[in-house]
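Shared between the two complexes below is chain A, which pairs with chain B and chain C, respectively.
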Partner chain A sequence: MFAKEWRSEIRTRYALNTLALFAVNTLVVVSASLGPLGAAPGRSSETLPVLLWLILLFAAAAGLPRSFVHEEETQTATALRLAATPSALFCGKLAYALTLLAALEALVAPLFLAVMNLDVARPGLLIATLAAGGFGLAAGSTLVAAIIAQARGKGTLFAVLSFPVLLPLLLLAVELTRSAFAGGGPPGQGGQGGQGEAGVALMQLLLYDGAVTTAGLMLFPVVWNP
Partner chain B sequence: MPPALSFAQVRRRFGRLAVLGGVSASVAAGEVLLVTGRNGSGKSTLLRCLAGLLAPDSGTIDYSEDGTPLDAASRRRRVGLVAPDLAFYGELTAAENLAFFSRLRGIGRERGDELLRRLELPPDRPASALSSGMRQRLRWAWALLHRPRLLLLDEPFQNLDAAGVAIVRRLLVEHLAPSPAAGADAGAPGLAVVANPVPLEIGSVAGNLDLGA
Partner chain C sequence: MKKRTAVAASWLLWLWLAAVIVGAFEYAPLAAKFIGQSSRILFFHVPMAWAAFTAFITAGVYSVRYLFGGRSQGSPRDPRHDRAARAAIELGLLFGLLATVTGAVWSRIMWGAYWNWDPRQTSIVMALIFNGAYLALRDAVEDAEKRARLAAAYAALGLVVTPFFFFVVPRITFSLHPEPVINARGRVEMDPRMLQVLLASGAGFMALFFWLHDLRTRVLAVADRVLEAAAAGAPSASSARATGTSAPHLGEPRTGADPATASQRTSN
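Here is the complex of A and B:
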């Protein structure tokens, strides 16, 4: 499934183009208005992590739901339902979403740091946050995409359903990114906390990833099959 | 034990529209059940229920292979379905589509290559570039890929030319009564449910279920 998804993607370049174009366009708008020339230095570590995750969230929302929606729209879903086990299908789609999001992060994060002229106090924490946050974003988006694939008004439904699923992830990821930019622990959990608090927040993020993936594996057969 | 399919009082509604109003029939190995009826009479809905793609509102569907009853989820992965709304990945070639589904089903790609050859399909042509008749042949290849015992055929000769009809009729005959010359590779006799607006001259017909208007 994973290999097929990438083979199709390389031939059509739909999701890659959508994600990259959306992310780069947003990045240009943000950097032009809040970049090193426009943002007050004290405000940058507070506001910029939010913008980074908003860029990643909206780019993911623009491209990831397509993986299941496209199967329904092109009527290939029937052949998949008859040939694949739901768990294999979910794992394949999740692996594809993960690698797509990792590629997006590899493009967006260095660009973001460069155009915002940001110094990262704890690069290891930033990489871990991007990895764990990206995993959660991919797992949550894949699950919601599977739920909405057979419904009408897919775009609206994705926004409505993904909000409660992805909100905890985004809050944690933003706090950890702030901590990585500024140094110290997450400001939201006791001000400028230490490395221990960042470790706790990172653990919470990993637990979220595990919970969403497990929920996806358990719920997917129900939402995918009649 | 040979496979056997029976269903009783199968009902299915879509909202307020009753599509299937309690249909019953049975079919044994080596036989074909013909389902006829006008457009909109519920033929495709019945086949989707039998395939496990739609849950009936009421009624029972009993299908067993080797004496083991199979539920809807197991049935779904065992049946072979040819249907007009069955589509494949347009950006992949015919051979790549079959290779992909072979991997999903855990079988080697030789079977796909054999079916491509027998159905005279161009292996390297993208599925999106196939004519409607060639797409129907690809549906047949896909349906027979895993050597299913139960074939569900919804308008199976749609868009096929005379040569295509002759090829798939031969494949259907082999499915219903495998040649002893093929040895162990032939497998046991299968069964088929064929839905078509008008009756067809086809195999050993177990019965004709006319869904009418």
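Here is the complex of A and C:
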């Protein structure tokens, strides 16, 4: 399923191009409107994580629903229903969304850091956050995409439906990215407090990932099969 | 006989709520540290929030039951659960809006601003957006069975996601908020008379919610029956409209739009 998804993706290159272009465009807009100096010093580690995750969220919202909408539009959905079990299908779509998002993050995050003149205090935490956040983003939007593919007004509906589902994820990811940029805690105290806080947040993020994936695996069969 | 009991119970509920109103203004004392009479709004605001929360849970539970629970004859799922979930979402939106507005008014008096992303404000806004999204999703699906299925899946997903707000939001906003803002809510030492009124009001609002929920679910059931009759018996829209007007006691604006939907369904 995963292989099929990528084959058709490579043939059209629709999602990949749109996503990459969209993300880079947004990045340019954000960076250009902040000016050559980036955000005001001192405030930058507060505001920039928000911008980074908003770019990722909107890029995902632009590209990911495509994977299910396309099946319904070309009427290949019925063939898929016959050919694959729902859980295999869900895992395949999820893996596809995951790799797509990972590629997107690999493109956007370094660019973002370079453009914004940011120093990352804890690169390991940033990578962990990007990985876990990307996973949650992929899992949540795959299920929502499956839901909206069968409804009218797909694009707008995806944004409306996914926002409340993805908001806890965004809050957590922004918080974690913030502490990755700023480093843990005030200097001189060994950053112990900040590290504990970040550890809790990372745990919660992973919990969210697990919960949404489980919910996806349970709910997807009823969404998919009439 | 059953009907008479129901009527008596609804009158009892109205009397109870009227007593709560009187109690809130005449019986309960003013809370210390609250500006002016502002503490009295809490007797209504807090129970509304409870009712909205109950509505949210109710909708989630009925959605899960719809998807994985009981079966009715002929169909793999029971449409009664779907109607109950939808009614709960609508009422949750209503109570949630009321709680938000009363809360904002109180917040303006006590904290100086209508809105300041207090953890509870954040979670109620998310609940409102969620309820709105649920209804938007319902509007966007034509087929009745599919609509119920997708909406129920979405509500179940919401039930999975919401607990995170309770863990995440307070932890994050606590670091942003100054101490006193949070402490203004912490009225642990409550006057016993205030507590009595608050609990009575809570019980009243809870009963009000379940009563309205029952009414709304039954209205939706009647509307569905009208639709079914129109789809089965009448191929044209005009006769569907005739069926619709034969139940004038519905008093629902939604039934006015039904003939159009009915004709779409028959044409499919």
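The rule is short, and it goes like this: the second predicted complex is superposed on the first by the 214 of 226 C-alpha atoms of A that agree within 3 Å, B and C clash if a C-alpha of one lies under 4 Å from a C-alpha of the other, contacts with A are read in each partner's own complex, and residues count from 1 in each chain.
What we mean here is this: a contact is a pair of C-beta atoms (placed from the backbone, for glycine too) under 8 Å apart; a residue touches a chain by one contact, two chains touch by 3 or more.
Predicted model, so just to flag it, every value in this text is computed and none were measured.
A.B. asks: For A:Leu16 in the superposed arrangement: first (chain B), second (chain C), both or neither?
C.D. replies: Touch partners of A:Leu16: none, neither chain B nor chain C.
A.B. asks: Between chain B (first) and chain C (second), which does A:Leu113 come into contact with in this model arrangement: first, second, both, or neither?
C.D. replies: neither
A.B. asks: What is the contact status of A:Thr76 with respect to chain B (first) and chain C (second): first, second, both, or neither?
C.D. replies: In the superposed model, A:Thr76 contacts chain B only, not chain C.
A.B. asks: Looking at the overlay, does A:Val223 come into contact with chain B only (first), chain C only (second), both, or neither?
C.D. replies: second
A.B. asks: Of chain B and chain C, which one touches more residues of chain A?
C.D. replies: Larger number of chain A residues touched: C.
A.B. asks: So, A:Ala103: does it touch chain B (first), chain C (second), both, or neither?
C.D. replies: In the superposition, A:Ala103 contacts neither chain B nor chain C.
A.B. asks: Could you say whether A:Thr85 touches chain B, chain C, both of them, or neither, answering first, second, both or neither?
C.D. replies: first
A.B. asks: Enumerate the residues of chain A that count as touching chain B in its complex and touching chain C in the other.
C.D. replies: Touching chain B in the first complex and chain C in the second, residues 226 of chain A appear in both lists.
A.B. asks: For chain C, which residues are in contact with chain A within the complex?
C.D. replies: For chain C paired with chain A, touching residues are 67-68, 126, 129-130, 132-133, 136-137, 140-142, 145-146, 149-150, 152-154, 156-158, 160-161, 164-165, 167-169, 171-172.
A.B. asks: In the complex, go through chain B and note every residue touching chain A.
C.D. replies: 51-55, 72-73, 76-77, 79, 81, 83, 85-92, 96, 100-101, 104-105, 142, 146
A.B. asks: So in the complex, which bits of chain A are touching chain C?
C.D. replies: 140, 143-144, 147-148, 150-153, 157, 160-161, 163-165, 167-168, 171-172, 175, 197, 200-201, 204, 207-208, 211-212, 214-215, 219, 222-223, 226
A.B. asks: Can you list the residues on chain A that touch chain B in the complex?
C.D. replies: 1, 4, 7-8, 11-12, 74-76, 78-85, 88, 225-226
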